[in-house]
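Have a look at this one before I ask anything.
Going in written order, the chains are labelled A, B, C, D and E, and every chain counts its residues from 1.
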Amino acid sequence: MATHSSLRRTALAVAALAAIAYPLVTGSSGSFLTIVWAKALPVLGIILLLQAGQVSFGHAMFFAVGAYTIGFIGRAMAGGDLALLLPAAALASLLAGLVIGVFVVRYRYIFFGMLNLAFSMVLFSMLDKFIHITGGSDGLRIARPAVLGAAMERSDYETVLYYVSLAILALALYGGARFLDSPLGHALKAIKSNETRVEYLGISARLVLLVAYVASAVLAGVGGALVGAVQGIATPDYAYWVRSGEFVFVAILGGTGHVAGALAGAFVYEFIRSAAAAYVGDTWQMTLGIVLLAVILFAPRGIVGMAAELWGRITSASARHGAASPEAAPDAASARDARPLRIVGGGR
Amino acid sequence: MSHIIILAVLDGIAYGSLVFLVAVGLTLVFGVMRILNVAHGSFYALGAYAAASLGLGLTALGLSPWLSYPLFVVAAAAVGVVVGGALERLLLQRIYRHEEALQLLVTFAVFMILDNAQRLIWGVQPYFYSEPLRLLGNVSVAGITYTAYQVVFLPLVAIAVLVALRLFLRHTLAGAVIVAVTEDREAATAIGVDARRVFLITFIIGTTLASLGGALAAPTTSILPGMGADMIVLSFAVAATAGLGQIEGTAVAALAIGLGRSFAVFFAPELEVLMPYLIMVLVLLVRPEGLFGKATARKI
Amino acid sequence: QQKPSEIKIGIATFTSGAASVFGVPGKQAAELLADRINKKGGLQGVPVKLYFIDEGAGAETLTNEYRRLVENEKVDVTMAAISSGSCVNLAPLAEDLKMLNLLWDCGTQRIFEEGKHRYNYRSQANATPEMMAALLYLLKKKPDFKTIAVVNQDYAWGRDSWELFSAALKKLKPDVQVVAELFPKLGAPDFSAEISRLLAARPDVILSTSWGGDLDTFVRQANQRGLFRMSTFVLPLAESSLQRLAGELPDGVIVGARGDHYFLHPEYKDDADFKSFVEEFKQRTGSYPIYPAFHMAQAFAALEAAYDKAAAANGGAFPDREKVVDAMSGLQFRGYGRPITIRPDNQGLEAQLIGVTRTTSEYPFPIIDDIMIFDAETIMAPPGKNSLEWIQELDASFLETPAKEYKHGK
Amino acid sequence: MNALISVRDIAIRFGGVVAADGVSLDVFAGDHLAIIGPNGAGKTTFLNICTGYLKPQRGTVQFKGRDILGSSPRAITRLGIARAFQIPQLFLEQTVRENMLIAAASAARRFAPFARLADIPERGDVESLLALVDCADVADRKAGELPEGKRKLVDIALALALKPEVLLMDEPTSGVASSEKFAIMDTLVAALKERAVTAVFVEHDMEMVSRYANRVAVWSAGTISRQGPPAEILNDPEVVRTVIGG
Amino acid sequence: MLELADISVSIAGTPVLRRVAFRVGEGETVAFVGRNGAGKTTTLRALMGLIDYTGSIRLDGRPIDAVPAHERPGLGIGYAPEDRRLFSAFSIAENILLPARVARLSAAETKRRLDRVYAILPELAQLAERPAGSVSGGQGKMVALGRALMLGTRLVLLDEPFQGLAPVLANRYAEALRALRDADRTLSLIITESNPALLKHFAERTITIERGEIDGRAAA
């Protein structure tokens, strides 16, 4: 059994080392991966909310809040400093998450999803409309900020962003996993199956959901700030519903049973998308759709679910009693979990 | 002033009728199958393309443009049965056993595919076919010209669909069966209901309504790839405002959103885009389960 | 510098999304032009090869794709883009990557008014002269209107173009009353309410800088409900919709083409090269070229001229990339309209062609007649000057801006 | 003696159905009060009102002299009234142990965001509670996989994990196999006594009532028709006729 | 009449039923008992085709394993699930009538069966117009029972039908079911119950299931 968990740990360490070494070895700025790291953050936020069975079709709004925050501050401070901009983005999305969260956590399922959509569409329209402040649909330029006081060339700056994003993501994944394993995290999951009982245990479902909501807003906001920093621009479609839909899509694609689903989903989705855009040109959307359909039909529990299953098979093949190993079991079990995720209320 | 209100009301009704036709299909699929069909808007677009193609075919063959009316219905049903049926049978049925969110994923992927397919089949130049609109001529209200198609014909179709759906769901066995499957698929099976068939039929009805909406919109709008994307969000907003699976609620919500939009154009154009969402937020503030949200069954 | 085996050109255009009505003809034109160049032996004897990326895929994918073109495909020059949003995004990136980029179609005047660039150049005009030409034409043809309404798409282009137009209108004809400012959302499927409101407001002039499906829908709905009989329409982008709208667009509508190009350009339509381009395009695509095709031709012409100029400066040897960039400033070239010059601020000086619709027996759709062509310098802000500030300094003498006039068939 | 829970003159109707009409009842500390009555008499409704799930149209409910009418189920739970349900209310996607740990964490207010649920100090209590209701064997099963009988028992254990002062149970052992139910109830009731938990339980099984209740209240069409010690009530001819049967 | 052979069911990899086999004769009433989790409900669900199983089920000698779940009620099998499963969108009366409508029974036949249901469960008549979503636990059980009796002409499967019913009613319904059996000797009943005392008066036979297995002698 010890061998399994150490095997797991080794795999994790190898992956982490590979991520750390990538820019050093390839000499590229790795901005594709930076975007993957950054986009995994809002997806992680969505996964948090999915634990409670709630699907937000509006989290792109926090993504936009993050990106526009660094844009505005950067503009006001001649670029600003990354060390200031990211916390500011986190704070702004936290406040936005709190204000909107207080309102939306009273709703469930489709109503929750659609209210989030409504708020994000309001933000989208405002970003689009107040051209003189936001730059309208052309977007808001985000000048390259200094990093801890040092002005940067593009390639150095991108390397810095790569590691900053990677570090934030690693922290977020670890924190997310710990959170989901905590009493609060379990209470969040409990909301999904029986909110009545949650209340009858003396726990405020709304408060628990609000905590998760604000956390997810901050994750989305920081993700948006990082993407904005990489791209050098924030546009209103950062807040558009299709992007929110994409976050949800990627979360489910990655697998909602585990925080790692955020990373797996973001990586696979961005990879397929850019490969399709690069190699099939005009039919990239169709290719993307077809590949994703194949993934869904082939791995209905998400990539992480599929991986867990494979892992279970490998370990049970390598060690006779593998399947019963407590290390392997929880994942395999959650992967097997085919309980319906309700987007609507009622039903059994 | 008062005549401006009349104008705004007429525009609102015309627009609301179209929105209703599309949104009610979504509501049905959503209410019955618990599937948030992201590809619903694509069916709207397909319906429009199919109708326009048939219509242009009519013109090319020199046949009477009046035939376009029945042809529109045929086109819509064909899209619903063929594309909708295939989607349900080949994709959705494989995943009913899994998480409901997966269905969302499948429809999202299908949305991307259909969007692209429209571009490959019909190209990127806007299509249009406005014969049916012309045939019905104009009407004049308070000195302002309207097309009879938009202010008379579309609302009549919407009312007909509303009444028909109501009768169907409330007073036919098929309707009752659909409602039963909605609520508890297994219990319905245990009393002899073929849930698979109900799902298929419901999905076909829903997508047919979407493509009927598209077909009827065809004479009024430019048909181009991706035209469905905005319709989806709008339909979602209507469905949520209405309350789950509420047919009458959908009608009221669609009308409210249509009126909200046209009043905005007249009195506060800045709010036009926000109108559906403002209405939705307001309604849900007062009625958290939507306009016509149904009382949930007691659990304890 | 050794002659490379090919010159790789990366082109950003819309192949998906609503703006693909411009992007696809632009792409088709690029393919045609590349074939023509290669048939002639290429640029300085080197054949060109095209790489397309889709602006419709969203900002991230687009920047990633742009980067891929530069870093992996190692393109020599890029042409980006159609949307001003894409240009705002990609121009600084090109600057950072030290990649020669031709802004081949995007219209925002801000880019070169707000910053200095070495690697970005615009091979065409920008929004300011486009709007000034429309306004001048209107004021010359119909000087006595009292009321105006605007129906523009609700995004940067629609807002910005109205800002330029209305600011100048206020300077030149302050008594005109704006009776409705409508900004339906981009891609709106229905304009019934807007049209009802316009019918009720009865403006003398209706301006719309909309394009694509939006413009088509608006025109057809407006036509059906008699709006054209009531007001004079100014549609600065309608050249790109004429072939589709055919009978839906009545005569007498003021129509522009975002620059000095038109498949019946009065000064060049009989030019052999011009004719063969138009015919070949028509033959390949089934339609006459619209403005994005001409804009693409201008970008190719600029590139060709730059290579020639750089080679000449290089003693006839094949120039390296920085030398080509050096050649861009002050470059003169000609697409299928009048010659164009790149100003010191990297902005192209392109004349503006504008006219009104007229139905003829020669074509199954209305053509542009009563054409006026305005020289570029006269209707745009000088280098280093902000367009809106420049407009504030306009006075009645602006109304006298000369233009060459042409009548169809004469 | 002061009543722990004191209900006065509550009335509630659903449309034409009267589910409570002038019900008054006291529950004293240490009581094991059984509520019996025909189906649809209003027993569950009574529990729903006491726990804040329903608001009566009239009347008052006090807990230890404090008005709790209008308080939410959550607030009332926090005051020390826990409830087990007629239809078990479990977190179906989590294991039985996790269900219990959540309850225990809530009772102890352990909500540090990054502490492991499985490591809370109360985990030992959880195991003994599960053993108490004979559910230790299913601790690692997801609650959704349990057979009906086990769900009922876990539902009771969940309420107990809150360390309540008063425990309201709605037909605690209906669905529990008769071969087991008395063994389980014996230990459960002993534990309740040991912890000085006051219990109110709705019951249709008269054997249960006579064995475990010290008082019985009989519901009849929204009113309390009789109250008293089990021996007396269960032999009352009217009660026999309407509830127990011959 | 009914014959189960080698029925095995696994849920998520764990065996729940292991080669369950028993017969029920025509007109026979069987008490199906066992501890919680023994597999009673699962067996009934397998019979109804609501869960995948291996093995074979024969009705009147004909294997029905290939009959899809929704066609099994049409064979004359009525099922009252343990957890009621009412359609809350409908009234009680509609809940009871829906199976007859789905089966497209004639008006006369429907009335005949409905009368039978109301005769056995007179309480339902008063509840008829109530929305099914609002009834109490015990009332819900009655409705589920009534709904099963509408369809069950050959075989009625009742999963803990008396659970949560006031004893006076439970006894009365047990009586009524006995009368029904006595009146219709072609109707077979399988009743799972955790309170065997209720069944001892009329169940001809008791089958005990334990941990997914049936003691071979008892089942014979």
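Keep this in mind: a contact is a pair of C-beta atoms (placed from the backbone, for glycine too) under 8 Å apart; a residue touches a chain by one contact, two chains touch by 3 or more.
Note that the structure is predicted; figures quoted are calculated from it, not measured.
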Original post:
Between chain A and chain E, which partner chains are common?
Top reply: B, D
**OP:** Using mean Cα positions as chain centres, tell me which chain lies farthest from chain A.
**Re:** E
Original post:
Distance-wise, how many Å sit between the C-alpha centres of chain C and chain E, to the nearest whole number?
Top reply: 76
Subject >> Rounded Å distance between chain B and chain C, as computed from the means of their C-alpha atoms >> reply: 37
Original post:
chain A to chain D: how many Å between their CA centres?
Top reply: 42
Original post:
How many Å are there between the centre of chain A and the centre of chain B, using C-alpha atoms for each centre?
Top reply: 32
Subject >> Residues of chain C engaged with two or more neighbouring chains >> reply: 15-16, 154
**OP:** At least two other chains touched by the same residue of chain E: list those residues.
**Re:** 12, 85, 134
Original post:
Got the chain A residues that touch at least 2 other chains?
Top reply: 129, 196, 282, 284-285, 339, 348
Subject >> Of chain B, residues touching chain A in the complex >> reply: 30, 34, 36, 38, 91, 94-95, 97-102, 104-106, 108-113, 115-117, 119-120, 182-184, 186, 229, 233, 236-237, 239-240, 244, 270, 273-274, 277-278, 280-281, 284, 288-290, 296-297, 299-300
Original post:
Which positions of chain D touch chain E when the two form their complex?
Top reply: 14, 17, 36-40, 43-44, 86-87, 138, 145-150, 170-171, 174-181, 204-206, 241-246
Original post:
Which of the residues in chain A end up touching chain D in this complex?
Top reply: 175, 178-179, 181-187, 189-190, 192-194, 196-197, 199-204, 211, 333, 337, 339
Subject >> Interfacial residue positions of chain A with respect to chain C in the complex >> reply: 28, 31-32, 35, 128-129, 131, 135-139, 141, 154, 227, 231-233, 235, 237, 273-274, 277-278, 281-282, 284-285
Original post:
Of all residues in chain B, which touch chain C in the complex?
Top reply: 3-4, 7-8, 10-12, 14-15, 18, 115-116, 119, 123-126, 128, 130, 133-134, 138, 144-147, 150, 217, 220-227, 230-231, 261-262, 265-266, 269-270, 272-273
